[in-house]
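Input: structures, listed below.
The same chain A turns up in both complexes below, where it pairs with chain B and then with chain C.
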Partner chain A sequence: MFEVDLLIVGAGPAGLCAALEAGQEGLSVLLVDENAKPGGQLFKQIHKFFGSEMHKAGTRGFRIGENLVREIAECPNITLWLNSVVFSAIDQNHFEVVHNCSVQVINTKKVIVATGAIEKGLVFPGWTLPGVMGAGALQTMININRVRPGNKLLMVGSGNVGLIVSYQFLQAGGESVILVEAANRIGGYGVHASKIRRYGTNIITGCSVESVSGNGKVESAILAKVDDKFQTIKGTQWEEKVDIVAIAAGLYPLMELLRQLGCEFTMCPPLGGWVPVHDERMETSLNGIFIAGDVSGAEEASTAMEEGRLAAWSVTYDLAKCTKNKYESVRIDITKRLEALRSGPYGIARKNAKDSIYAIAKNFSKLR
Partner chain B sequence: MRVIAHPILGNINQDNEVTVYVDGKEMRGIEGEPIAAMLAANKIYTHRLTKKRHEPRGIFCAIGRCTDCVMIVDGIPNVRTCVTPLKEGMVIETQHGVGHWGGEKSV
Partner chain C sequence: MEENLKTCGVISSDEFKNCKGWPSEERFSKGPVAILECIEEIPCNPCECSCPKGAIYVGHPITNLPTLDESKCVGCKSCIASCPGLAIFVEDHTFSDKEALVSFPFEFIPYPKKGEKVSAVNRKSEVVCPAVVHDIYCTKSNDATMIVTLRVDKEYVHQVRSCKMLGD
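Right after this comes the complex of A and B.
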């Protein structure tokens, strides 16, 4: 039996930041990740982050990841287990982990689940054909694996992921990009859209992919204009020769472990679909089970890092390892930074969604 | 094809080349890269064929979640090629249906 103050599941941006805060406050932390390397999806984000100075704006995602991983290694209170899977929750304090080819039982006082999110698919004839993949998958292939699985890209979806990955495909030597967006306006930041337009990318709004075909691999796609209910407008179809199709249709939280634990969930489309109910302190409907990052609603790495810090401070306070005054001042600071990240025309929907989840959590807090 | 030079990430290190076997054919890859990366660099995109309709499947999520890219590796079926590191002498086979253990017949 391995005994710790805090078990953190997932060593992405949220989990790494949570581990650092808790470890530096003197908690014994076990940080577990199923991958061979920590960092989650930070290392494929080679663009400069947005926001203000306090959100590391202007720094590229993989540099932020490198710094966090170095700090984690330097903190003696943090144990990092890689290639390890938390596969069972016996109860809120006992978890089973496959580590070094054997099963270890962890006895922990508190838990932060930071398991992230996974990309949504988009179903059309041919969507299973090799060469059709998630936009994040394409990003992993070109930026981490350094292999470009095609030359002519059809990107489906114009949110920031669709725009940024299109640009990075061109940076990685891709020949051309056609970007289609079913809505009648571009979903992501104008600055990202301008960048790919300068490279000659055709961004077509009010348009979607109808089907993809090819012999064993994507060779062409049929595109069509769609109406405001996303239905094909007859007679507008045309064919484009592409050899790779990337789907940027959003993400949904990865919450198998929270389902095992029996957390309460709520349907919240702006945050990806079903999300675990949680309060402003990042605690779920279960006492001592906290969440942070995309698992609490798919957003971005900057919010994930702040939520990780917030969850860690909530745990630190609950374990009486810091004063109420200290906790309150840190909590207010982090909350302000989160609100800044969730402001403006692109952030306000996420802020409202989060507020509606916190409102549901108020009822659970009374029961707890 | 490999992204050898990159404006942000620099050049890749191709020093540790290994030889592997894909459906009996000798191929080169970089030690430690995911099997799926070596396959894409060698322009192989079909990792398996589905059980009923024998449709090709390849990389979909590239982070070990969706299991679309599984193959038979060194006789072990259902190996996620997007997260399994490449090693010298690996024997990689296209998986048919749910696969089979080394020496058995596919089902």
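Right after this comes the complex of A and C.
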């Protein structure tokens, strides 16, 4: 039996920041990730981040990851287990982990689940052909594995992921990009769209992919204009020769462990679908089970890092490892920074969605 | 459908009217100056901190559009690589009678070389004119974002926003 103050599941931006804050405050932390390397999606983010100077804006994502991983290694209170899977929750304090080819039982006082999110698929004739993949998968191939799986990309979806990965595909030496968006407006930041347009990307709004075909791999796609209900407008179909189709249709929280634990969920489309109910302190409907990052609603790395810090401070306070005054002042600072990241026309829907989840959590707090 | 930033990724002339980072023609005539092509209220402010002259203001909330104080800007290009959106450019209309300089961020390899002849492209990737690479450099803080300066016919300087990728 491995005993710790805090078990953190997932060593992405949220988990790493949570571990650092808690470790530096003197909690014994076990940080577990199923991947061979920590950092989650940070290491494939080769672009400079938006945000404030405080959020390391203007810094490339993988550099933020490098710094966090170095700080984690320097903190004696943090144990990092890689290639390890938290596969079962016995109860709120006991978890089973496959580590070094054996099952370890963890006895922990508190838990932060920071398991992130997974890409949504899109189903159309030909979607199982090799060459059709998630935009995040394409990003991993070109930026982590340095393999460009094709030359002519069809990107489906114009959120920031679709726009950024299109740009990175061109940086990786891709020949051409066609980007289609079913809505009549580009979903992500205009500056990202300008970037790819400047280098030849054809951005088509009000358009979707109808089917993909090819002999054993993607060779062409049929595109069609769609109406405001996303229904194909008859007679508008045309064919484009492409060899990669990437789907950037959003993300949804990865919450199997929270399901096992019996957390309450609520349907929240702006944050990806079903999300765990949680309060402003990042605690779920279950006492001592906290969440942070995309698992609490798909957003982006900067908010994930702040939520990780916030969850860690809530745990620290609940374990009586810091004063109420200290906790309150840190909590207010982080909350202000989160509000800044959720402001403006792109942030307000996420801010309102979070507020509605916090409101639901108030009822659970009473039950708890 | 109207072509603008949200339908095709190119800022329309109407949208440029709301841009607080576009210098006056009078200012352009006096020497190099930055252009902040940022018209959406996104939470972002590295440009403000990058300016050694305090010529860029975002303030609070950080979703404010950046405002350029054209009297303070000296066109030093420090801001160009700070913008995660690659939306800052510097134009110098005083280079010579016929030619102007335009500087932009560039993140594709191979990099063009100083003195090389390239094709200057506009916001839609259309070739607008031939150009010569007047300068190209990268500082450590730019973190691999090259700052390319092209020498172009004055007539086209407001249109030129990059050069064709050399891999093409």
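Note that in this section the second predicted complex is superposed on the first by the 368 of 368 C-alpha atoms of A that agree within 3 Å, B and C clash if a C-alpha of one lies under 4 Å from a C-alpha of the other, contacts with A are read in each partner's own complex, and residues count from 1 in each chain.
Methods note: a contact is a pair of C-beta atoms (placed from the backbone, for glycine too) under 8 Å apart; a residue touches a chain by one contact, two chains touch by 3 or more.
As the structure is a computational prediction, the values presented were derived from the model and not from experiment.
> What is the contact status of A:G131 with respect to chain B (first) and chain C (second): first, second, both, or neither?
first
> In the overlaid three-chain picture, which partner chain does A:L170 touch, first (chain B) or second (chain C), both, or neither?
second
> After superposition on the shared chain, which partner residues are touched by A:Y189: those of chain B (first), chain C (second), both, or neither?
Second partner only.
> Just to be sure I read the superposition right, which of the two partners does A:F49 touch: chain B = first, chain C = second, or both, or neither?
A:F49: touches chain C, not chain B.
> If you stack the two complexes on chain A, which partner ends up touching A:I203: first (chain B), second (chain C), both, or neither?
The answer is second: A:I203 touches chain C but not chain B.
> Once chain A of both complexes is superposed, is A:G58 in touch with chain B (first), chain C (second), both, or neither?
second
> Just checking: does A:S343 make contact with chain B only, chain C only, both, or neither of them? Give me first, second, both or neither.
second
> A:A359 in the overlay: touching chain B, chain C, both, or neither? Say first, second, both or neither.
Once the two structures are laid over each other on A, A:A359 reaches no partner at all.
> Taking the two structures together, which residues of chain A meet both chain B and chain C?
Residues common to the chain A contacts of chain C and of chain B are 60, 171, 173, listed in rising order.
> Which part of chain A faces chain C closely enough to touch in the complex?
Residues of chain A touching chain C: 47-53, 57-60, 63, 170-171, 173, 184-186, 189-201, 203, 205-206, 340-341, 343-347.
> List the residues on chain A that touch chain B in their complex, please.
Those in contact with chain B are residues 34-36, 41, 46, 60, 118-119, 121, 128-134, 136-138, 140-143, 145-149, 171-173, 216-217, 254.
> Can you tell me which positions in chain C touch chain A when the two form their complex?
Counting only chain C, the residues touching chain A are 1, 5-11, 37-46, 49-50, 61-63, 82-87, 107-108, 121, 123-125, 143, 145, 161-162, 165, 167.
> Taking the touch rule as given, give the residues of chain B at its contact with chain A in the complex, in rising order.
1-4, 6-9, 12, 33-34, 36-37, 40-41, 45-47, 55-66, 68, 82-83, 85
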